[in-house]
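Just below sit the structures, each encoded as structure tokens.
In what comes next, chain A is part of two complexes: it sits with chain B in the first one and with chain C in the second one.
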Partner chain A sequence: MGSTVRSALIKICEFLLTALLVSFFTFVVFSIIPGDTARVMLGPNASEEQVQALREELGLDAPLATRYISWLGDAAKGDFGKSISFGQPVGELIASRLPVTLGMSLIALIFVLVISFPMAAFCSRNPGDLTDKTLSTAGHILFAIPPFALSMMLILLFSKCFHIFAAGRYTAPSANFGAYLVSLLLPSFCIALPKIAMTFKFLRASMIEYSRGDFVRTAKSHGLSDLRIMLRHIIPNSAVSSVTVISLVLSDILGGSLIVEQVFNLPGLGRLLLSAISRRDFPLLSGIVFYLAMITVLLYFLSDVISAMIDPRIRDGRAST
Partner chain B sequence: MNPSANSKKYLIIGTALIAIVIAFFLIGLVWTPYGINSTDSASKFMAPCAEHIFGTDNLGRDVFSRCLAAARYTLLVSFAGVAVALALGTITGLLAGYFGGLLDKVIMVLSNSVMCFPGILLALVAVAVFGPSLYNVIWALGLVFAPTFARVYRSSTIELLGRDYILSAKVMKVNPIRIMFVHILPNLMSQILPAVIIGLANMTLFESGMSYLGLGVQPPAASYGKMLADAQSYMVTAPWLIIFPTLMLVCYILGLYFISEWVRTSMRGGSK
Partner chain C sequence: MKYKGHILEVNNLCLSLCNSDGTPVRILNDLTFNVRSGEILGLIGDSGSGKTMTALAISGLLSEFAKIDSGDIIFEGEDLVKKSAKERRMLLGEKIGIIFQDPSSALDPLQTVESNLSEIISIRDGDKEEGHKRIINMLKTVGFEDPEQIAKRYPHRLSGGQRQRVLIAGAALMNPSLLIADEPTSSLDTVTSMSIMQLLHEMCQEMGISILFISHNLNAVRNFCDRVMVMKEGTIVDYDTSWDIMGQPKSAFTAELLMKSRLDPDKLGISQGRSQEGAPSVLSAEGLSAGYRYADFRNKKTNAVIHDINFEILEGDCVGLIGSSGCGKTTLVKTILGLNNPTSGTVHKNGRVAAVFQDPVSSLNPAHTVRWHLKEALKASGRTLSKTEQEPYFLKILEDVGLSAKHLTRFPHQMSGGQRQKAAIAMCLVQEPSVIIADEPFSALDASSQASIIKLLSDINTKKGTTMLIVSHNLRVIRAMCSKVLVMDKGKIVESGDTDKILENPSAEATHKLLKARMYGV
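Right, the complex of A and B next:
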């Protein structure tokens, strides 16, 4: 029990340290902009007074360390300052775009889990047969198409073959929740497809490996049905080893949604990010970056916690990870 | 099915796919049937035909010529980006693995925090702050990919540290730098080669995504990502505008995946 508490404490410290470093990186990147930040933000046509006013508003005259501490203190309270181009608090802007990005990521994750597990379980039973080969090759190809190109291909397919033009129609969840889900379905699927291929490949290999294990042979000799062996013995083991992969997949999904949103013309964080980049709105930009990075740090932490919860070997620090 | 025959198939198909892209690159260097940015209002939106085998786009530019010319940026960014990532990852990974202790902790915590940013986000931010240009894209992507290589190097270095030849080199007071680069590095090739090939593929995925967003390779240069972005409004009426650039990207990336599959299986076979 003592080792459990100890490893939990170490994990929490690592989590906090990483979060702090990530915040520091975010801050530093926006502080080492070549030239005068205020001048860069306002463009070459701004007057000297405007630049000076912005410098004061952003507190650019204070030393770096002071600025970092006050920025971190504000960020912890959810206050990322005010967006230059929108004139709104950055926190509010991000919150207004979250339903799209988070909704899409969540639906994509569900797609990944619901499709890759059964597919891998099915293929691992007879590795090397025709179904397995077809699905594995299809997985390779899906993995090789950039998500945004895949989205275009799917839009093309849907509009040419089924005469449904799915892009560019977004309904807010507060207006009509059903329509909101439907509008996110195809984009989520496009983000999910390459990740399904990746998760499938990993799971298939791990399931084949486990199905050769001694415990599976014992279970077979006890007369357990194949289905029961798969559900009770192979899948739980693979699930433990797949937690880390899935947390990586989730961070990729978040990144991928930033681009795929553009293809489907959805008002998510990706669009906000791009407009922040093109208008050189650094408070907004750093807010988005900080927010997304924190979500990822949290995801990795949660994946550690979940692995520890479902696998006693990791919980007691016995596994050599 | 004989596994070695199967992995041979991967090698053959992979090499063939890469060869197509390299052929495009080489031809594009010396010759394109039309100028890559020469517009022709008389021949807009022409479907693939004898004169324009990949068709023409909304400005009457020849898609085939642009596909030929864009290959060089795909290859350049992926190879240069991987070179940057590899250089950074090799040095930090070897140092962390060889010396261990505090240096190792610091390097690992740093690389972990870089990995906490969704990769594309970090690259986009770097380009946003320092301005979109080919070189910024290359070093930004190199920085994003460096931790992956550093991890591979670190864990494999630690595995090698206990070997007799490393121990005897240490006993003979060989310079640590020499041990790292002369004794350890050549023995890590089998671990690092698949990572490099996959890195090339992932680099291309990222670069095309950034070019699609307009933050990667900048016009007037042609790039597959930008071509796709330009084609987006017309894709239903002129699908060839998205099909050919996508095919080029898939050729390259899939070819790399197949070759990495071959490297992986043949090296596993060799170690048995």
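Right, the complex of A and C next:
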């Protein structure tokens, strides 16, 4: 048991170290790109003295290292400073937008898992037959369509033609949780579709490979039915190899949501990020980027933990397959 | 209640396999044989002779590319060819058991041994307690001393022999009437394969299970099978009691196969490679210890595998390295080659050391031709040849190993196992090494290819004078080729010296064990 606790501690330390590095690079990148925050805040008409005074007030004239350390100290307390364009604390702004982006990503992930696994299992049983070919081709097409184009097509279909979805209407989860979920359903589906295609393609290949493998042959020789072999051997083994792919898909989903929010007019992190970029709102920008980076790091951390939970070889420090 | 009489009758079975372009190729031709209740029938032949296809046809595990053209397979009085796929799968769990050659990936890596085995019981009768007891008992029967521990382990923590035992336990748990064993010992070392064969023999005797035992080594099955049939290119060329087959084979092919599997040095035309008086040392080790590193989560540890190894090999010698599996032979080879760092001690090399490995399939890059492989080897040795010199040089090397110009452009999958191993040897020769280390270079090959590779390596040693270190568990080969031998056990060299003397008069217990396995004919 001692080694499990130890390894968990080591994992957490690794996680913290990665977080530190990410924060450092975020800070440095936003400090060296051109553009002067004080100038942006005061507008083009302010005099050089005024700008200089504000720079001193904001601490922008201090050396990079000093600024980073004080920024880090504040960030550790969850304080990313005040947004220039909104005049609100960055933490609050992010917190108010997070439910949209995270909720959408989670629903999209559920779509991906629930649809791609059965579809891949179904296709891998008779690779090359008509169903398999049809679904694989459909997957390729979906994979090739960019999310924003897909979003517009689906809005056209579900809002304009069938009138079952009101695009652009968003309900906060605190107001009505059911309505909140419903309002995120179609955008989540838009993000999920290309990812379903990608995960399906990967899973199908891995399931076909496993279904020709030696342990499946053993299971057949034990008299197990095809369905049992699929559930008991092929799906769990494919799940192991797909954990990494799914964590990649998830960080892609986060990225994809930034664009889809724009199309569906949802108040998420993506729109906040875009407005921060266009207004050179550096405190807000670095806050959001740091948040997104942290979520991604957390996802990779979780995927490592999940892999080790399912696969005994990873627990023993050996590579899988 | 076991079935009396002929448990399996195969009549005029013909089977075709579809080529990549869809044209069917006849694989099995008019096969007729039977398995009597309670007997062990040996099925012998080179690779590609249709042995495994026969096994798959009987068990109903043929791939979608194979088709039974005519004939019938009558099992306990019922024709299997007429049964549906579902009925056949049911039969597979109930009455026909099958174990395969390579146990390395035959168990689900995500499940413990018990969980792997419990699926056999749970599809029949559900009681968990009872099932656990049966599994533990069966693991004990197949020779595990601590069955409770083994049941909790995951497959990657078992050795090849242990995995094969688990698979046999699985087959025995079903209590089948017929067990098809497709080369179950070919990938195992001598001592382990002897114990596996003994185990199968006991199962046949005590549980009354009939066994169809498939092997490429005719000599290995002589004491084991009641009757033997020899296959060549999909037809049966010999079919008799094993006594008669071994005594006076009816066909010339069987006689040749027998000769090859006996590895008679005179008939193969090979002799022991010996260094001349006062030859310099080309490879030696002093106090060599090494192990492999593994991570227990992130906690790096080194597991010592070989301890304090000392030896010296003189120029022109052919030295054998023998020992049962897991004794550290491969770790020693890797350490000599520099693929593994020693924890203490040193290796002295005088000249270049090249290596040939066991599995010619995975040691060649599937994406490249033989020419590419030879170029890589040339580059690795640090020599450069002009374009005009290179081609004739490669052709000469290929000729030396018994391949020809057409093989230069072949990809690994376009060659047979023996040809691939020859290509691997050609890669060694290109480097002009002073020593060639061959780590079990024969064990993945069938009897005919084995004989040709043995002849080739022996010729390189005796005619070219290249020093050899041959790692093998086959004492027959070692005796025929090597003038000196090193015996390893549990990571140490327990005995070394003149091959004939040691094999006739062994002092270490490990050597005794290896010799005993040989007596059994493995």
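We adopt the following convention: the second predicted complex is superposed on the first by the 283 of 321 C-alpha atoms of A that agree within 3 Å, B and C clash if a C-alpha of one lies under 4 Å from a C-alpha of the other, contacts with A are read in each partner's own complex, and residues count from 1 in each chain.
In this text, contacts are C-beta pairs under 8 Å (C-beta built on N, C-alpha and C of every residue); 3 or more make two chains touch, one makes a residue touch a chain.
Only a predicted model underlies this, so the values are computations on that prediction, with no experimental measurement involved.
Participant: Per the overlay, which chain contacts more chain A residues, chain B or chain C?
Facilitator: B
Participant: Give one of first, second, both or neither to describe whether A:Lys160 is in contact with chain B, with chain C, with both, or with none.
Facilitator: Touch partner of A:Lys160: chain B, not chain C.
Participant: Counting only touches as set out at the top, which of chain B and chain C does A:Ala138 meet: first, second, both, neither?
Facilitator: Neither: A:Ala138 stays clear of chain B and chain C.
Participant: Touching A:Tyr300, do we find chain B (first), chain C (second), both, or neither?
Facilitator: First partner only, chain B.
Participant: Which partner does A:Thr18 contact after superposing on A: first (chain B), second (chain C), both, neither?
Facilitator: So A:Thr18 only meets chain B here.
Participant: With the two complexes superposed on chain A, say which partner A:His222 touches: chain B (first), chain C (second), both, or neither.
Facilitator: Second partner only, chain C.
Participant: Taking the superposition on A as described, I'd like to know which of chain B and chain C A:Ile277 touches: first, second, both or neither.
Facilitator: It touches chain B, and chain C stays clear.
Participant: On the A-aligned overlay, A:Ala62 touches which partner chain: chain B = first, chain C = second, or both, or neither?
Facilitator: In the superposition, A:Ala62 contacts neither chain B nor chain C.
Participant: Which residues of chain A touch chain B in the complex?
Facilitator: 17-18, 21-22, 25, 29-30, 33-34, 128, 140-141, 143-149, 152-153, 155-156, 159-160, 165, 251-252, 254-256, 258-259, 262-263, 273-274, 276-277, 280, 285, 289, 292-293, 296-297, 300
Participant: Can you name the residues of chain B that touch chain A in the complex?
Facilitator: Against chain A, chain B makes touches at 1, 109-110, 112-114, 116-121, 124-130, 201, 205, 208-209, 212-213, 215, 225, 228, 231-232, 235-236, 239, 242, 245-246, 249-250, 253-254, 257-258, 261.
Participant: Mind listing the chain A positions that touch chain C in their complex?
Facilitator: Interface residues on chain A, with respect to chain C: 3-4, 6-7, 10, 213-215, 217-225, 228, 232-233, 236-237, 240, 310-313, 315-318, 320.
Participant: Where on chain C does chain A make contact in their complex?
Facilitator: Result: residues 59, 61, 86, 89-94, 97-100, 102, 104-110, 116, 119-120, 123, 154, 156-157, 167, 170-171, 174, 294-299 of chain C touch chain A.
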